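Dropping the structure in here first, questions after.
Which chain is which? They are A, B, C and D, in the order written, and residues in each are numbered from 1.
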Amino acid sequence: MTMTESLVDFFRMGGYAFYVWWSYVVVTVVLALNFVLPMLRHRRVRRDLAQELRFADRCDEP
Amino acid sequence: MWAFLHRFASPPHFYRRAGAIAPWLGWICLGLMAAGLYGGLVVAPPDYQQGESYRIIFVHVPSAWMSMFVYVVMAGASAIALIWRIKLAEVIAIESAPVGASFTFLALVTGSLWGKPMWGTYWVWDARLTSELILLFLYFGVMGLYAAIEDRRTAGRAAGLFAIVGVVNIPIIHYSVEWWHTLHQGPTVTKLSAPSIHVSMLVPLLLMAVSFKLFYVTVLLHRARCGVLERGRNAGWVRSLLARTEPE
Amino acid sequence: MNAFIAIVRRDLLLAMRHRAEAANPLLFFVIVVALVPLGLNPRRETLELIAPGVFWIGALLATLLSLERMFRSDFDDGSLELMLISPQPLPLIVLAKILAHWLVTGLPLVLAAPPIALLLGLPTSSLAVLLTTLVLGTPTLSAVGAIGVALTVGLRRGGMLLSLLVLPLYIPVLIFAASAVSAADGLPVTGQLYLLGALAVLSFTLAPLAAAAALRISVS
Amino acid sequence: MPQTELHRDRNPLLEAVDLSCSRGHRTLFENLALQVSGGEVVQILGANGSGKTTLLRVLCGLQPPAAGSLRWRGRDMSPGAPEVYAEVQFIGHAGGVKLDLTPRENLDVAIALGGRPTGTTVATALARLGIGKFGRRPVRTLSAGQRQRVALARLLTCASLLWVLDEPFTALDADGVSIVDAMLYEHIRAGGAAIITSHHPVALGRVTPRPVSIDAGA
């Protein structure tokens, strides 16, 4: 079995390629989202808070 | 021990410690996941009954385990938050809900994708899948309640209480769904449980399970850092932290 | 103890003052049950198959519809704060509210069950079991629902969220009650009835505690 | 404002130690210290939205403070402590009066909830507040001032040491204010205490409340 043949066979997954690979794609996408979204949120929160802080300093709220 | 916990629970300490630990956990989780996937997709032999389609268990079963594990952690953290009024526990409980809901959703999707080759339909009212679906509703209940109440503190405590009520109800619901399922058992429904586990299949499964747990902890640490920052917006440590990083 | 009786008496008095409103859950239940044969086909054998499920889903929705009233008016006019401030144990007061809610909503469902069962073509042999499940099940619905209401009492539009919170918790009652009624003529139903009884006892002891804690959180 | 502390022999009835409260992310007030002893009326002064009502709700244990602690008769007051609630009466904006019930029915329920009746019958309490003849009509048919009097009648029928009244005078006419003034006077002479909030200082005949400003924290 040459390299490419075994690769093709690997991706065919014995005919169940659709189900196996789709479930792995969904898992990867959802896990990636779960990892990336908090990062973006963290950056946004820090920016908003810093900006809020700066705004507070400027008009020296009591 | 208690002193350490108390120190760790103080938001500024947590913010710094979590920031330090999270990257390491992330890399270890990635390594384990790669090993698990390699073991599961390449090394493990095909199942004599289901052929290659059984390889979905390497994501389905860990997701199902995690969906339950995260709910229990959420309920535990909520109990700690309500009884000892520890703000960090409340943040951990609330930030765990979306991650738990994602794992439940994954368990449902991979379960139905695995069901198609095995039973011919994407959705079968199998006892475990039905329990997962109800668990997803319970997660949405917690998240919905937290989002509906304006005041963050009240919202956190109300959602936490519902998480505790939920965790008490989960075994009852699970038992009644199992009982209901055996009552209306379809004639040829094979058990969704993993086939007799051979060691070459068990090792990747456990690797994936551990990597999912680490993934949860890493994401939770990131989300909790965010939550702690938002909760303590007018606390002193947040001001000094932000002033330091964005000098005027 | 007289605080318990005072609250139940007060709520029944209030319900009597709004007699029309008190009948709404029952009317809703009849309409839902009447819709089903119109939606499906009124032939006897199909109706018989689905009657228990429809009956109990109707009871579930009727209870859910009327749950909001349990604490809403008290929250608006400040008497909820009066209850929280009172030295009487709050779970006891919540239990009184649950009993009052059941008397206004659950009991009429139980009393109206026989004629409505005929509407759905339920065999009279299974009527006795139907009534038993209703007597055991509807109080549990009120008790568990009290937790959801207590959590959402502070929200102006808490209705939809209330159903999302409470319906998953109603599933065990629905499963055991509906299966008991459908297995009524011939098969043993003691198992389901015992479980319904257990659920009732469990919810009467735990739900007031959870609902009391939820009230303290929602009011704060 | 230096705390002119009348040194009672026993501990103050209610003591708040560096209390702070927030609504959402806005801090309403911070490290507020307050002492209320028997025989005095404390009037909380503050602009709209400065957290007067929130402070009252925290003092009665309806709401946990963001920080700080409360002491009742020198002992730490755990939230929801029944021994405290038996001694405290709270009348908020909404008054806690059911509109569909009659004043008598409302008071009967209040007595059952309050737990310690004072022996004053419902009729005398209503008569004292000038709404004796409306006892059997649904509260819905009464005016706002009369509804406020029904709520205030609760103070006469249920025994309590500390009265916490949120803006008791807003809906009352001059006659009503003088009745409440007399009630307050009798209450503090009997060793009780009261905390009231009011937008504008009220000319009370016999009672001179001790003003406490919520911003300065006294």
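We take it that contacts are C-beta pairs under 8 Å (C-beta built on N, C-alpha and C of every residue); 3 or more make two chains touch, one makes a residue touch a chain.
No experiment lies behind these values; they were computed from the predicted model shown.
Peer 1: Considering A-B alongside B-D, which chain pair is linked by more C-beta pairs in contact?
Peer 2: Taking the two pairs in turn, the one with more contacts turns out to be A-B.
Peer 1: Greatest Cα-centroid separation from chain D: which chain?
Peer 2: It is A.
Peer 1: Rounded to a whole Å, what is the gap between the Cα centroids of chain B and chain D?
Peer 2: Whole-Å distance between the two chain centres: 47.
Peer 1: Can you give the whole-Å distance between the Cα centres of chain A and chain B?
Peer 2: Roughly 16 Å separates the two chain centres.
Peer 1: Between chain A and chain C, tell me the centre distance in angstrom, where each centre is the average of that chain's C-alpha atoms.
Peer 2: The computed centroid separation for chain A versus chain C comes out at 43 Å.
Peer 1: How many angstrom lie between the centres of chain B and chain C, each centre taken as the mean Cα position?
Peer 2: Using C-alpha averages as centres, the distance is 32 Å.
Peer 1: Provide the list of chain D residues touching at least two other chains, using ranges where the numbers run on.
Peer 2: 64
Peer 1: What residues in chain A touch two or more of the other chains?
Peer 2: Residues: none.
Peer 1: Chain C: which residues touch two or more other chains?
Peer 2: 220
Peer 1: Pairwise, which chains touch?
Peer 2: A-B, B-C, B-D, C-D
Peer 1: Tell me, which parts of chain D touch chain B in their complex?
Peer 2: Of all residues in chain D, those touching chain B are 23-25, 27, 64, 66.
Peer 1: Would you mind writing out the residues of chain C in touch with chain B in their complex?
Peer 2: Interface residues on the chain C side: 147, 151-152, 154-155, 158, 161, 164-165, 167-169, 171-172, 175-176, 179, 195, 199, 202, 206, 210, 213-214, 217-218, 220.
Peer 1: In the complex formed with chain C, which residues of chain D make contact?
Peer 2: Residues 57, 60-64, 79-80, 82-83, 85-86, 88-90, 92-101, 105, 108-110, 112-116, 138.
Peer 1: Taking the touch rule as given, give the residues of chain B at its contact with chain A in the complex, in rising order.
Peer 2: On the chain B side, the touching residues are 26, 41-42, 46, 51-53, 55-56, 59-60, 63, 98-99, 102, 105-106, 109-110, 113-114, 116-117, 215, 218-219, 222-223, 225-226, 229-230, 233, 238-239, 242-243, 245-246, 248.
Peer 1: Write out the stretch or stretches of chain C touching chain D in their complex.
Peer 2: Where chain C meets chain D, its residues are 2-3, 5-7, 10, 13-14, 17-18, 73, 76-79, 81-90, 93, 216, 219-220.
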